[in-house]
Structures are given as structure tokens and as C-alpha cells.
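Data block below; observations after.
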């Protein structure tokens, strides 16, 4: 997905604790950065993820995919581009591209799939309509 | 991939530090457990991953995929089943299924792709023949 | 504290994900290994930490201290020696020494302090008497 | 140490991945935030930590201490106040206080001790004079 299809991004700086003995950011950290992106993405809408939780929703991650295209190094500033690319019933999907700002290299891309569940019963529940609409208009 | 196609597994116990505020193991930890599995898998062969490093090789993760099928909880003992399912030039692939031992539920499955590189130049290099053969005979 | 004053230990193997770009285990991981040790320590007593939670208790960490005495490397097998060295009202303390098994070097030592709280009110509550007694007799 | 004795701070937001099943930030994460603070602290001086590495230095953590004074929750914005409070030979020390911005509660404080080593030999080496002077004048 070309970068100009993303309308939202959030920046992270690679922490020393996130590197490994190969001298690069560890492959599991990219899922953490995806998540930082999602939280920040939702923060633009009425109360964000905490607001959703307070309304009785919880979002589960049900699938994740990362392509590691180039190593990311300690102290690199990475721009996590993301978009909510699909909402269908209880399910939704995000696409990502992670760009190093210093040289505009895409270090990783991928996607995650999620399900909205009721916070107490943990049963799948419809994605809140107001948020689906807000996202739809933000992504168009 | 059905469990009986895996000939190797390693066990991990979900650490408290690996859980998150949803009360379940965080989605990024599964990539760490995959890696624990790979290290343990290679340990059966001449020197294991450290042996490979000493011979001048490094393995990079170039793609990862996880399907989260059921939540994993603090203190669950998880059996990481894995197999090296493809070796081709510098590339190789592992498939995984993570089973909770107490109830035999598959909590996650997926795969990772890797590339062997020369440890100093970081250029792709052929997967060491002796190891490819050892793996081939272990997997048959 | 000399090693022979510890009556309990648990082993961990340094994961690749736990190393950093200095090529050694990251300083924050030692607190995770302390915790793995505490969970394992409690597992010997009626239901362990999960049992305590089910009885309505939660244990908070209120202080931690680590002296890093030698680097720990990827794949090192570390023996986390620990003892519950003090129980007083709602408070208790553990002492630790982490030994690399291959050369018996103490790579770190230190201690943590904790408070028992009621799981719902989060107010400090007396350390359960049955467990204090069980620990006292295990440590003598 | 009262907050007005700190002349430098950096902000972090508690990530979901940093919480645990108690619903609070995990005790090991505070050491990661300390480190984020140190990196940011050094960034003000000629090249920062990466500059130090390029000049052939490495800094090891030799001791860490955290007092957990109040729970930190998902999405809390935390201000990591820190100062380099001592430089002596190869050794230096940082003091920290971590403040939640929404209510100005100090959620943790503590200190770390470090040693400067030569990057290749890993032997202790004098703290670079130009940096000691720069820090001394920044802290006065």
C-alpha cells in the first residue's frame, strides 16, 4: 500500500531496550509499535480506546502480519502509518507501513485483524456504529 | 497444519510480565515464543544458533504471521510446536502451532520467514548445506 | 548473601529477545527473572500465586534493587536463587542472586519489597497467616 | 529528591503492551523509562549516546533502584525527571522521579549507577572530560 493512501501516522523512536544482540530492533517490537499506532489513531475519536472500554467494549487482536523490509536501529525515528481498512460486523482490520524518517525507507509493513467483544462477557459484538461512521469519514 | 505433522516442540510458561491489562498474554509475546522455539529447535544440531553465528552466519526474520485463536493466560504452560517447512537458497520458513497443555487448545498458529546472511557483510548467503541436510532428515 | 543461604532456585535461559544492542541481556529483564523466581517459589505452596489471587489477595511490587555484577549473554542458563527474607504485616521482601550455571559467576543480585493488598479494594491487608507459616518453615 | 531539583525531563505515555494483568504498568518497565530518559538527557550534548559510542565508549548499567509509589495506568502520560547527580572516574549516577502529568502524583523514584567502558576492550575508562563538563554546567 503506497504511503499516500495513509491519512494518519504516529511517531516512535527506537528504544535501546527494543534492540537485540543483532544490533537491530527486535521483530516482536513492531507489533508493539502497531499497537501504539492504533491507540493513537483511536485517540482522535470521542475518548479513544479508553472511551471504548468505558462504554463496555474491548478489542482483541486476532491476526497479525509483519514484513520486515529493512533493519531499524537504535534511536531511529519511525513513522507508523496506519489506516483502518475494513470494518465488518464485529471485525476490523488495520494496514500499516513503518517509515524511517531520516531516509524515508519503509522498514516494515503489514496488517492486523481485530474483533470487538463485550468487555464483561467477552462475546463478539458489533463495532460501535458511531465509531464506524467517524472512521469511515476520517478515512475517505 | 495438524499437530501430528510437527516433530518438535518446546514448552514455555506464560510469565506475569507477558500479560497485559486485558488479563491475557500480549499479542507481541507470541513472536518471542516462536523465537524461543526456533532457538531450541536448532540446539539439536551441531552447536545450535550460536554455532551458526560462530561459523559466520546470522538469520534475519523477514516475515511473521500469527493467528490468535484463543487467549493465553498467566501461568499457562504452552507447547510451541514448530517445523522448518522450507529451505530454498538463503530463505527458510517455520510453521508453528501453540498448544495450551492443560486443555489442548491451540491458542495460536502461524509462520515466520527468514534469510541467512553473512554475519559481517549482512548479505544473503546460502543456507549451510550440512544444516539443511540435518533438518531435512529430522523433518522426514 | 552467600549462595548457601538460599534454599530455593529456578532456572531461566536468556532469550534472544532479552538481549540488547550491547550484546548482553538488558538491565530491565532481571526484574522479569526475579518475578519468574517469585512465581515459582510460591508455586510450592497451596495453589501458588494464582491460589492467592483466588483467595482475594494481590501482591504489589513496591521496591526493586538490582546490582549488575557481570554481563549475561544470549542462551546463558541462569539460576535465580531467592528467598523470602522478611514478612511483617502486609509487607514482605525477597532477596536474590542470579548465577550463570556454566561458570558459577553471580551475574546479579538484589532484592524486592512487596505489599499484600485486598484484590478488590487494593488496600493493604495482612499477609495470609497460613502462607507466612509455610514460608517460615520452608526457609528455616 | 524534590522535583525542583531536576532540570531535565522527558515524557512517555504508558503503552498497552507495558501493562500487566494487574491492570497497571509492569514493574520492569520503569527501568526502560529510566533509560529513555537517559538517552534523551544525553541527546542535548554533542551527538548524544550514539556520539559516545562512535567515540569508542559504552555505558553499562551496574545498579538500579526503583521505589513504586503509586500505580501507573495504560495511557498515563508520565514525566521522567532525571539528573546526572555524580560523576567520579569511570562511574556516574542518575536520580529519577516519575510524575503522572494528569494529577502530579509521583508514581516512582529511584536511581541508577553506570560505568563507562571502552567499547572494544570493555574495560572501565574515564568518563569523557568534555561531557563531564557539559553535564556539570547543565546541572548547576
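For reference, chains read A, B, C and D in written order, and residue numbers begin at 1 within each chain.
Everything below uses one rule, namely that a residue touches a chain if its C-beta (ideal position, glycine included) is under 8 Å from a C-beta of that chain, and two chains touch if they have at least 3 such contacts.
Everything numeric here is computed off the predicted structure, so don't read it as measured data.
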Fill in: Intersection of the contact lists for chain A and chain B
C, D
Worksheet entry | Between C-D and B-C, the pair with more C-beta contacts | C-D
Worksheet item: How many Å are there between the centre of chain A and the centre of chain C, using C-alpha atoms for each centre?
Response: 34
Practice prompt. Determine the centre-to-centre distance between chain B and chain C, using the mean Cα coordinates as centres, and give it in whole Å.
Written response: 28
Worksheet item: Measuring from the mean C-alpha position of chain C to the mean C-alpha position of chain D, what distance in angstrom results?
Response: 24
Item to complete: Note the residues in chain C that touch 2 or more other chains, in rising order.
Response: 16-17, 28, 32, 35, 74
Worksheet, complete the sentence: In the complex, chain C touches chain A at residues 16-17, 19-21, 23-24, 26, 28, 74
Worksheet item: chain B touches which residues of chain A in the complex?
Response: 22, 27-29, 31-32, 35, 58, 60-68, 71
Response to the item:
Seen from chain B, its contact residues with chain C in the complex are 15-17, 32, 35-36, 39, 48-50, 74-75
